[in-house]
C-alpha cells in the first residue's frame, strides 16, 4: 500500500515528528511504500541541517534525511511555511526539497492513505 | 521599573512572540526598562534572520531585532535550545546573541518583574 | 499587591483556565489574553467559570485580542475590564509577581 | 472498514478526546497515541469517557507511548488493545481513512 | 526522488479539512486555509468543517490592527470563487459559544455532531491542522 | 548591549518552576528541568511544582526505548544533590489521575490547591514552561 505522511510540527518540541518517523519506518518495514512526507507549519523545521541535539538524544533531522535517501521517500518542505520560518535551500539536509502545498494535495490523491501528525 | 521577558515559542505558529513584542514595546513606551528578552524552547526560532514572511504580514524577527538595537535590550537565545533546533550564530539578526540559561535566571534576579509568554 | 495571573488558552479547548482559577488566591488579578479572551464572553457554555469567582478575583481581558477575534461588540461577563497593552504593563508593575498559565 | 481516529492529547488537559468521541461513528476505531495514552487508564477522573463508548468503538493504545510514560504496569480500561508502531500501520491500512484529532 | 510514478491526472477524491482552532492564537487557521485553496485548485471534492473553536474563524467583525496581524477572514468569502461551496459548521460547537449562523462571515450549513460524523466517515482524505 | 548594569551578586530570590505538562509528548518537561538545574546553580531559593499532567513527569517506571527518546526521569532523583529540596505536588491533580506519592520517583510534599496557591503568591519569580 502507498502511504503519504503530513508532519505539522518541528523536531523536539512536540512528539509529532518522532511518531511520524516511527510510523514511516514501521510502514517500510512491513513492505509498504512511503511515497512522500510533507512538512507543513512548524514541520518545516525538521529540514534544518544545523540541528545538533545532545550526543545522547535522537537527531530527528538526520533520521528523516537518512530514511528518505535510503528508501526513496520524497521529503517535501512547504515553501510558504518555510519562507515564514526562515528555512531556505542552504539549510536543507540531503533528501529534502522545497516545493508548494500542491505536493501535499497530490500526495493525498496519489496515496492509498494519508496520515497526519501534529500538535 | 526593570522588566525581563521570557519568550517560549517561535514566530507565527503561536501568538506568544507577538504578545511579548507588544508588551515590550508598551513597557518601553511607558518609560520602563526592558533589560533582557530571553528566548527559550521554540522561542529560539525568533532569531532566524532568514525568516521572510509575506509582504503584508509582520516580520517578527526583524521587529525584535529593531526593538532590541534601538532600545538596548539584551536579546538572548538559549544555547542548548538553539543547538537542538539548528539556530547558530550565522543565522542571528542584529541585536541577538547566544548564551546559557543562566542569563534567564540572572534576568529573573535582576528584573523587578519577569513575564513569561508561551504556548 | 498580590499576584497577576495571565491565561492564554481557550477555556473551550483546554483546562488551563480551570487550573488557574483553582489556585488563584482571593484578591489577585486574572488577565485573559490571546485565545483565552473567549473566557470573558457572556452567554457561553463556560461563562460560569469566570462569573463564579468574580467576587474574589479581579478579571481583565486584552482588548486587542478581543477586537482581532471579532468580539468588539460582544457582551462580556459583568465586571470584566477591557485593557490594552499599556494597561497590561501597568498590571504587571502593580502586582508583586506574574504567573503565566499556558 | 470505517474510519480510524487517532488522538494525541491528554484528556485531562484538552477537550480533543471528547470531540473525537462525539463525532466517531459506531464501528470505527480510536487509537490513543502520545499524551492521549493517559485516556486509556482505568481508575482516573476521565476513564469514563472511553469506557462509555467501549461497546460502539474499538479502542487501541500505542504501547511505546505507554511504556515511555511509566504506565507499562498500569491497569487499562477493559477492552483497550495495546499496539506497536507496526500495528498502527496495519490499522491505518485496514481502515478506509484516518483522521488525526490533535 | 520525486514521487511522480503515480498519475494523479483526473483523479477526484473527497478531501475534508477540519478546522478546530481559533484564529490568531495560532497560525493553524491561516495555514489551514491555504491548504483549502490549493486543494480547490487541484479540482478535488473539497469540504471544509468548522467545529470546536474553529467556528470562531468565521466570526464577523474581526479587526486585527491592534495585534499587528493579517485579518484573513475575508478570504472565507472568496472561497465561493474557488468553487469551495461545502462549508459545514457543527451545531454543538456553535451553541456552546452562544453563536448563530448570522454571526458568521459566510453562509454555512449547520450540521449536528451525528450528521457531521457521518459525512466525515465518507471522506477519502481528512486533513487537520 | 549586555544587561550587566545590575549587580546580582548575592541576591537570593524565590523562584518557582511550575510544571503542568506530561513528559515526552512535548519537550517542555525536559527543558523545564534544565531551567531548575541552572536556577539551583545560581543558588536561588528554588521550589518546583508538579500539577495537572505535570505530575506524570514523576511517574515511576518510565522506559523510553521504544519511542527513541531520552528518559530524563532519573534526573529528578539527582535534584537533591543540587540542593533542590522543595518539590511540591498538587493533591487534586494526583487524585484525579488515580496516583499516590508511592507512584513517584522522588519523595514530594503533597499540597492542596489552596495551600499551593498560597505558596505561589509568596514567590518573586514564577517560571512556567
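Labels for the chains are A, B, C, D, E and F, by order of writing; each one numbers its residues from 1.
By our rule, a contact is a pair of C-beta atoms (placed from the backbone, for glycine too) under 8 Å apart; a residue touches a chain by one contact, two chains touch by 3 or more.
All values reported here derive from a predicted model rather than from experimental measurement.
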Here subunit C maps onto subunit D under a C-alpha rotation whose angle in degrees, rounded to the nearest 5, is 180
Chain of greatest Cα-centre distance to subunit C: A
Just how far, in Å, is the C-alpha centre of subunit F from the one of subunit E? 39
CA centroid of subunit D to CA centroid of subunit E, Å: 25
Rounded to the nearest whole Å, what is the centre-to-centre distance of subunit C and subunit E, using the mean of the C-alpha atoms as each centre? 28
Shared interface positions of subunit C, touching two or more other chains: 8, 12-13, 15, 34-35, 64, 84, 97-100, 102
Touching at least two other chains at once: which residues of subunit A meet that condition? 8, 12-13, 15, 22, 41, 54, 57, 80, 114, 116, 118-119
Mark out which residues of subunit F touch at least two other chains, giving numbers and ranges. 20, 24-27, 52, 67, 69, 124-126, 128
If you go through all the chains, which pairs of them touch? A-B, A-D, A-E, A-F, B-C, B-E, B-F, C-D, C-E, C-F, D-E, D-F
The residues of subunit B that touch subunit C in their complex are 1, 3, 8, 15-16, 19, 22-23, 25-27, 29-30, 32, 112-119
Which residues of subunit F touch subunit A in the complex? 24-27, 67-70
Touch list for subunit E against partner subunit A, complex: 1-3, 6, 8, 11, 13, 15, 27-28, 31, 34-35, 38-39, 41-42, 44, 124-129
Show which residues of subunit B lie in contact with subunit E when the two form their complex. 12-15, 18, 22, 54, 56-58, 119
For the complex, give me every residue of subunit D touching subunit A. 6, 8, 33-35, 64, 84-86, 88-90, 92-93, 97-100, 102
